[in-house]
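Read from first to last, the chains carry the letters A, B and C; within each, the first residue is number 1.
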Amino acid sequence: MTHSLAIETQDLGRAYKIREAKKKEAKTLVALRDVSLQVPRGELFGLLGPNGAGKTTLIKILTTLLAPTAGWARVAGFDVARAPNQVRPRINMVSGGESSGYGLLTVRENLWMFAQFYGIPTKPANARIDELLATLKMSDRANTKSSDLSTGLRQKTNIARGFLTDPQVLFLDEPTLGLDVGASRDVRAFVRGWINADRARTLLLTTHYMVEADELCDHVAIINQGRVLACDAPANLKQRLQREAIFHLEVSPLKDSVLPMLQALPGVCQVTHHPADDRAALDFILADESVLGAVINTLTQADIRLLRLDKRAPTLEDVFVNLVGRSIEEVERADPSPA
Amino acid sequence: MPILPPLEKDTGWRLFLRTVIGRAYPRVVGMQRERSWLFFEVMLPTLAVAAYVFVYRAMRAPEEYVGFVVVGGAMTAFWLNVLWAMSSQLYWEKEQGNLALYIIAPNSLMAILLGMAVGGLYATTLRAAGVILLGSWLFQVQYAVTSLPALLAVFALAMTALYGMGMMLSSVFLLLSREAWHLSNLAQEPIYLLSGFYFPIKHFNFWIAASASIIPLTLGLDAMRQLVFPSGATLGFLSVPVEIVILSILCVVFLVAAQGLLGYMERLAIREGRLTESRR
Amino acid sequence: MFNLRAEIENREWVPWRSFRIATWLGWQIESNWTDPFLFAVYSIVKPLASALILVVMYGVITNGDFTSPLFPYIYLGNAFYMYVGAVMTGVSWSVIDDREHYKTLKYIYTAPVDYMAYLIGRGVARVLTGSFSVLITIGCGVAFLRVPIHVAAIDVPLFGVTLVIGILLLALLGVLLAGLTLVLAHHAGYLGESVAGALYLFSGAIFPLDILPAWLQPIGFLMPITYWLELLRRALIGSVAEAFPTLAGFSNAHLLLILLALTLVFGVVSVLVFRLCDQRARALGLIDQVTNH
């Protein structure tokens, strides 16, 4: 790859025509709008946003599976719409929560089959399969039929398939979706190791796990409702909230009327409310620490007991809340449709 | 993370060939893995063959008709394979999430379809041969092959045209989505009837037989009957050379149409974005 | 105060409730007839094409002589045999459908239902949709192929009683297959087809049993479906049955008695096998297996 940018998009957009049952007129759903991104080679780039934000649509466009309806995109220096046959030998994709191949084949056979589709001769393919399975801690399952694997192992096989062809640009769509904590940690370590091993490789990762994006990515784009709201290194994104004060409060259950009162206080930039059975958690982004007094006064006057108070360093979650006005959880609760 | 040597990857015709072999593999090896297929895919069709043999015997039919039933019954395996494992296959691949992976890979989708066809043909030939051997032994069928080269040529052409048709239909069935299941069901018994799996199609009206000849197995079976049974030639719909010419034309038409429709399906899939969506 | 638990336990006899709900569910799943295309495919085209294969075979060999009693023998046997596929295979298929396709088997199984009654309920819709196919096939035979059924000559009581016993028998055989399906992992889908295929051969559906090699004929005489089909043919066209020697020595009453006795035997065996398989499936943890083949 001679091009210095692995991925480049300009004003990229995608609209779907949706015909609802029993209605004659088609509705237009805009899944992606005006997305302009530049991802240099060697970078682990994160797309962060709630379900339905447009992450999968963007990946589909970049992997030549879907044509954009506006703008353009280049991957490995080639236009995805005009030169898909140049893009495809240089990429691969793994979608989390999915398995690939055929249940009647063993793990090794499935991986060998996909290696053939990329023109990899059997000997190097087998050597690579051995290495990948060892790294993913599943060498002992190489000869197990895929239909006999657990969900987590199927997903690991799918991940191995993506890395097997040594793509210049790899797209990982929610790779840890549905994996347990240990398996997720293995996958994250593997992803980081892969990119570090050769800086000509580029990896685009979508996730709605903030910690995952924070831990792994060199740069992160925050996406919501089809738009990119911010794009920078995680540290720089968090730096934006450096001037603000971030507090986490646990209080007795909140009455409905209290939240609007808190939101209306001068100096309160954002409040997110996480109700639980016997308590409620409140995350505040305040213009400065002095606003905290007014917050506590308001709670006390409303007979709300303060159970715990922490001052925190900003996280990507706070950045998202600051940009969108709601947490990822709240956005997903309000519109649970997947992308 | 281990540092692996850079990969040398084949391109062009070598990649095409690798893809064909890769996609044929699950059918060549995977489908033989559980020995139970010998029972379910040889014994069951033989039961159906036996029922039709006994019907002919109840009608006091000439003994050659028993041979027609054995050969025709074995050939149903190819039709079922083309319907359920070729025509419907891209739809199943979509549902399993494999179709998107095939599209983003650098190979040609035509090579994927060809791999399915080669693998399916191999696995089905084993099954059909099993039914013919078992049926011929059980019912003491007598064969009199007049020309082995012609027989092999007819079989090869009929299979190329038939699997070419399956490759073409795979794109059509994908576009029709769930209706494909019903269409495959619809195309079972009516095709057994029209293609003359259990009797010579010469007994049909000329135009019905001619229309049924669009299914390559119709003429393939008719020509094979003429070449392996003593009275076959008198019961043939058209002469074997004419049937060979028509089968050759069908091969070209179906393979060209398969390529054209596959390209159309891929463009439509990328434009509309729905053909690679699994419904899970 | 409203007591939900008491309401559930006392309101309705559990087997009846299970049967009733399953009948409704089966009807929702099977009611293809509301879609003209699907009705045409499954209730008209497929059954008629199957029948026409036999008609053409018969026409080719006899040069179109449809007056022989063999023709209605074959035609009616084939038409009524559709109930075997619809009911017996249908009842057992609902296990696979619930387990592998809808993935609801574990929820149904753990609900307070009588699973056997539930399975039989699922077969009711199959009886109704299967009846469309049988009626259409026989109607076409009478209208276009001169199958000699004369309404005035039909022995209605014999036909009604035989049909009801036969459908009950098929439902019970379906329960037997459903039990085996519960413990079968990989080839459950083939089971109904295998058994239906074997019975087609051994129950005199499309040829008299004496055409079978002598050593295979006893299997046919042990199958209740043999007597069921013979009685249905006798009830519709008495003369057809008399033309074949296989069961000519038996009166209608004799055949009915044999059918009843065999139904009872097969029914008891079916229930026992089902209960055994049910226990085994639970012991092996197979109730919610998905074979993924």
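Everything below uses one rule, namely that contacts are C-beta pairs under 8 Å (C-beta built on N, C-alpha and C of every residue); 3 or more make two chains touch, one makes a residue touch a chain.
Keep in mind it's a predicted model, so treat the numbers as computed, not measured.
When chain centres are taken as C-alpha averages, the shortest distance to the whole-protein C-alpha average belongs to B. Taking each chain's centre as the mean of its CA atoms, A is the chain most distant from subunit B.
Centre to centre, using the average C-alpha position, subunit B and subunit C are separated by 31 Å.
Distance between chain centres (mean CA atoms), subunit A to subunit B: 44 Å.
Averaged C-alpha coordinates give centres for subunit A and subunit C that are 53 Å from one another.
Contact with two or more other chains is made by no residue of subunit C. Shared interface positions of subunit A, defined as residues touching 2 or more other chains, are 104. Residue ranges of subunit A in contact with subunit B, taken from their complex: 14, 16, 57, 60, 63-67, 84-85, 88-89, 91-93, 95, 98-102, 104-105, 109, 112-121, 124, 127-128, 131, 135, 161, 165-166, 190, 193-194, 196-198.
Within the complex formed with subunit C, the residues of subunit B that make contact are 34, 36, 40, 43-44, 47-48, 50-52, 54-61, 65, 182, 185-186, 188-190, 192-193, 197-200, 203. If you check the complex, the residues on subunit B that touch subunit A are 1-11, 14-15, 18-19, 21-23, 25-26, 29-31, 33, 96-98, 100-107, 112, 269-271, 273, 276, 278.
Across the complex, subunit C meets subunit B through its residues 37-38, 41-42, 45-46, 49-50, 52-54, 56-62, 70, 74, 186-187, 190, 193-194, 197-198, 200-201, 205-208, 211-212.
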